[in-house]
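Going by the order they are written in, the chains are A, B, C and D; count residues from 1 in each one.
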Amino acid sequence: MSARATGPARGRKLVTGVIGADTHIVGNRILSMALEEAGFEVVSLGAITPAGDFVKAAIETAADAIMVSSLYGQGELDCPGFRDLCIEAGLENILIYVGGNLVVGKQDWRDVERRFLAMGFDRAFPPNTRTDEVIETLNADFAARSEGRRIAE
Amino acid sequence: MSGATPADPTRSPFSAARIDDDAFASMRRANLARWPTGAEVELDEAVAFHKSLPAHKNLSAAMRRADAEGRCLTQPRGGFGTLALQLELMRALDRDGLADIVPMTTDSYTRNEQWQRAEAGIAESERAGRSMLNGFPLVCYGPRTARQLIDAIDKPAIVLSGTSMPRLTGEVGFAAGFTGYLGSGLAYTTSYTKDFSIEDGIRNYQYLDRLTALYRERGVDLHRRQPGFLTGTNIPPCIAIVTAVLDALLAAGQGVRDYGLELGQTLHLVQDAAAIRACRELVQEYLVKAGHEDVFTPVTSLHWMGAWPYDDAQAAALVAYGGTLAAIGGAVSVTTKSTHEAFGIPTPEANAAGLRTSRMAIYLARRIRLDDLPEFQRETALIGREVRPIVDRILEMGDGDVAVGTIRACEAGVLDIPWSPNRQIRSRVLPARDADGYLRILEPGDMPFPKDVLEVHEALLRKRAERDGVPYGRDLAVASVYELSEGLETLLPPR
Amino acid sequence: MSGATPADPTRSPFSAARIDDDAFASMRRANLARWPTGAEVELDEAVAFHKSLPAHKNLSAAMRRADAEGRCLTQPRGGFGTLALQLELMRALDRDGLADIVPMTTDSYTRNEQWQRAEAGIAESERAGRSMLNGFPLVCYGPRTARQLIDAIDKPAIVLSGTSMPRLTGEVGFAAGFTGYLGSGLAYTTSYTKDFSIEDGIRNYQYLDRLTALYRERGVDLHRRQPGFLTGTNIPPCIAIVTAVLDALLAAGQGVRDYGLELGQTLHLVQDAAAIRACRELVQEYLVKAGHEDVFTPVTSLHWMGAWPYDDAQAAALVAYGGTLAAIGGAVSVTTKSTHEAFGIPTPEANAAGLRTSRMAIYLARRIRLDDLPEFQRETALIGREVRPIVDRILEMGDGDVAVGTIRACEAGVLDIPWSPNRQIRSRVLPARDADGYLRILEPGDMPFPKDVLEVHEALLRKRAERDGVPYGRDLAVASVYELSEGLETLLPPR
Amino acid sequence: MSARATGPARGRKLVTGVIGADTHIVGNRILSMALEEAGFEVVSLGAITPAGDFVKAAIETAADAIMVSSLYGQGELDCPGFRDLCIEAGLENILIYVGGNLVVGKQDWRDVERRFLAMGFDRAFPPNTRTDEVIETLNADFAARSEGRRIAE
């Protein structure tokens, strides 16, 4: 856990939590700890968080990104419509990541990723994603955004 | 979502006392009225059905027999979102996996009593032609339909429903013919919920335990189980066993006489054998002290409950070793996983393969025991020195009532759970692995472990920090969470 | 096909004495002249090449280092019929399997010096686009070409060539840059041949051992190994170790100083740990007695060498346990198999997966040892009581010459091998498994085991016959051959 | 190991051995033992037996069948032409079985069987064949032969 927030990413505010009825807090907590250590400001909602609560927290704290964890397999039921909730709340452009064991069973990742990007997530992360990789990606995406692009290539 | 269902008319003062018959009768009426399929539950009819089952389909009997014969039974987990998929799954686990105990894992909406969402999940699953739920929506289908699952197999079946709200899944499951139910108020509420009150969790399981006793009064023995694996994340044996003692006392108080104890494996041959031995002895010690002389408490050993490697070949070693550890440790049953563990819920094939790999490992363990190994004796004694001070303190805090003591102990951090999602738990206690692969306590939080015990743990963990050339501190705990999921290039690099 | 190549001009009287330099020089000339690629072998050039290799590609150094660090190295088997396939295989085992030692198994024609047939096998393989040979035709390709295999990997490489005729595969293998060679005169001749004379087998390995010493004189240490697994079929540790002592004495007599000892696993945790310990100690005991103070004899533990189950999931348990047994037993390396074992030579993928499963099992074994377990100490002592009387008797029979004693012992049945295909071996000794899964001696044949030892074995086997309700006799031996290949319905039927 | 030679199979003479440079004797020996116990007359050639030796022994002993074992994978190199050797030697109709791990690697059995039947073997047996099954099959085939058919269906 050595990666740091750099450039435009420094001090950005991130909302983290585990969506739906999902109790898997370990990875989400370690991620939140790592993001904080890296220099982000983290609003951690913890486990079992309804989609609406993410959006509410994002508005209240004027967050720059939402980090949705879904481990228990029902992400495909909990996550559709998440982007719409953000839009309705006026967060058209907020950066949204989703990660964990997003679907039920061992499925081809490229296929799963396609489904979640189609739901409006800016990025989806497979199992076995480490926190450094997440931080690097946040750095790249916030840099891209400061140049007007939605996310980095 | 709170468990204190206001619908519940008879909210008695919180205690470990046995729920009295009339109160329980009206609690049951209120409970069964919460969802249409509740009306299908008829105790007399259910009792008659259970009595019509052959003994080998009753889990309580199967566990007692395995214990007497020194066998280690196998049981996987498994649940899918539709009846058709669940039937296929349970048949495959029974026939192709040779499972000795067949599971029915409920989905996470059902666990949290979000039955409408579970209904939607069934529809979605049928539309998609694959399971969109992570388990079987038992309550939506109801006991009559669920009985098809029992008829489809020739083994005892158990309900796996990680939840603090077992009252309706319990009623439906038992009425359907399931003879086992895994779960407890303290362990599950602290490990599977965020805002749910521990008191309500205990109340809900007192209901389930009282229901189990009710069946027993009618001549039907049912097997209850305590999920001592907790958050599955590097739980040291002593913490698991503390919760096992407390939940066992609560269950016995409601009249339960078949109470299994589940321990997640530490993956250390000696520590797991010591944990299995110590768990059974310590729980019995406190049950007997409390006047419960006749509670059967077999130990079930669980395949590694923490993060798995992302390589099927590597994972196969954990599956096989899981059988070895359970058998050599003298567990009465083992709960198995598969090579898919790190990725997702296994297919019926992968799940059955995990059962067969474990079963072969159990066979290969022959009759080996470590009783005469000094290291085993040292570890077993150490666990006793860790558990007794905590449990005694908690019983003290309750002024004689274990339920009250448990709540107060959680509030005071005297009872703490590593990596807990529950806000009433401090989760300041932090485990890590020492240089020899034993799980030790890095930070005790506010748990009153004896000083000399903590010195043992610290010394061993400092050895590891030195070996790895890392600072002694929290990073050891985080590294220990990842450890078993690391690739072999990291764990055992070729030179 | 007899090994007494009449071409050999200098057929000295048979003894354990070191082959003198001039005799050996002309033996080498004659040997290298037997097949065109022999001409490519130039000692000075080969020595220079070996010296150009990094230390981590030298097996002798790798084994000594692993032993010093208490590590257990992994090594699979593997050979295919063409250079292209062999390159792909060795790369896969090195990179995907993380093998610490990379093998090159020769095909069975090459082993038997039927090089024309091997040539044909190459052609057939190229035509079919798959390997028609069960190994790599090393001699046909010759040392220059084979060196591509060494360049393709970053690990030490070993020649596996189950044969009594190692003289040309040895010359070619060492010249190519292989730093290890598995095989010995007594073990292989009694286990891999039918009519081949044991004397000639020993003579051929005296050549190889003398060649190894020749490299050593030039400053290149090469690792030789004894295949104590013999016929791989329920070999009790004591019989394996007797052959290990004899072959080790013969090798040391030619000047070998790095001599590994391979033991097939019994699949019993305690018996395997005892066998590994006893093997190293007993071989050292007799080497030192014979004045060889400085021979390094690390033990290699081999995954189950008998019949495997015909189910990949079941086989996975043997693969994983194979790593566990080797690591807990303190072996310096383990030779791995795959889930394909019962069916056929594994694909590179399955072979690499077997390596990773074993490697993870080794990691999980942590630093556990059974030294303080009384049962381990009993078994280790028992093996000593079995081995010493036989070895002492054999040395006696040789009037001071171990080579002569070995031949006479085989003729007299004092030295006997279970399930041997060789006609000079009586193969009247019969092993079987006892009720606790230990390999015991059912029929000693004419091997002079002490009476009290045989009583122990008989008592334990009678217990098993009683338990299984079968007559005490040969059927126990046959059943023990099949045992591990039986399905789980047979081994551990659900009830 | 309980099956017995019955009917026309009783007392039939069988030549057994392991073909080529193959040293795998265990299964072949257990099979030979079982055949003898079952009431067949067995001429056992043991391991590492050239194809020609099978035929020679069959002629010398006027055998009724040849049981070829091949375990080590090179059966596809050792076995072609085996039937022709028999025919040249005037044993057109002698019953020939082959069994073991006939080819290199884990291959589809139906495919392997096809190849060996094409070589002229009357039957080919996969790995994990038990002796009882072999004896039952011999009983059936000798019965069929006594009725003029080549082998039983």
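Convention: contacts are C-beta pairs under 8 Å (C-beta built on N, C-alpha and C of every residue); 3 or more make two chains touch, one makes a residue touch a chain.
This one's a predicted model, so the numbers in the text were calculated from it and none came from an experiment.
**Student:** Using the touch definition from the top, what's the fewest steps needed to get from chain A to chain D?
**Tutor:** Minimal hop count between chain A and chain D: 3.
**Student:** Measuring centre to centre with CA averages, how many angstrom lie between chain A and chain B?
**Tutor:** Chain centres of chain A and chain B, defined by C-alpha means, are spaced 31 Å apart.
**Student:** Roughly how far is chain A from chain C, centre to centre by C-alpha average, rounded to an integer in Å?
**Tutor:** Chain A and chain C have C-alpha centres separated by 55 Å.
**Student:** Give the residues of chain C touching no fewer than two other chains, as numbers and ranges.
**Tutor:** none
**Student:** Quick one: which chain pairs are touching?
**Tutor:** Every pair of chains in contact is listed here: A-B, B-C, C-D.
**Student:** Quick one: which bits of chain B touch chain C in the complex? Just the residue numbers, please.
**Tutor:** Those in contact with chain C are residues 56, 65, 98-100, 155, 267-270, 309, 311-314, 316-321, 323-324, 328, 352-368, 370, 372-375, 436-437, 488-489, 491-492, 494-495.
**Student:** If you look only at chain A, which of its residues touch chain B in the complex?
**Tutor:** Residues 1, 18, 20-23, 25-26, 29-30, 33, 46-49, 72-74, 76-77, 101, 103-107, 127-128 of chain A touch chain B in their complex.
**Student:** Would you pull the chain C residues touching chain D in the complex into a rising list?
**Tutor:** 107-109, 111-112, 114, 117, 120-121, 124, 130-134, 162, 191-195, 231, 233, 307, 310, 340, 342-347, 350, 419-421, 423, 475, 478, 481, 485
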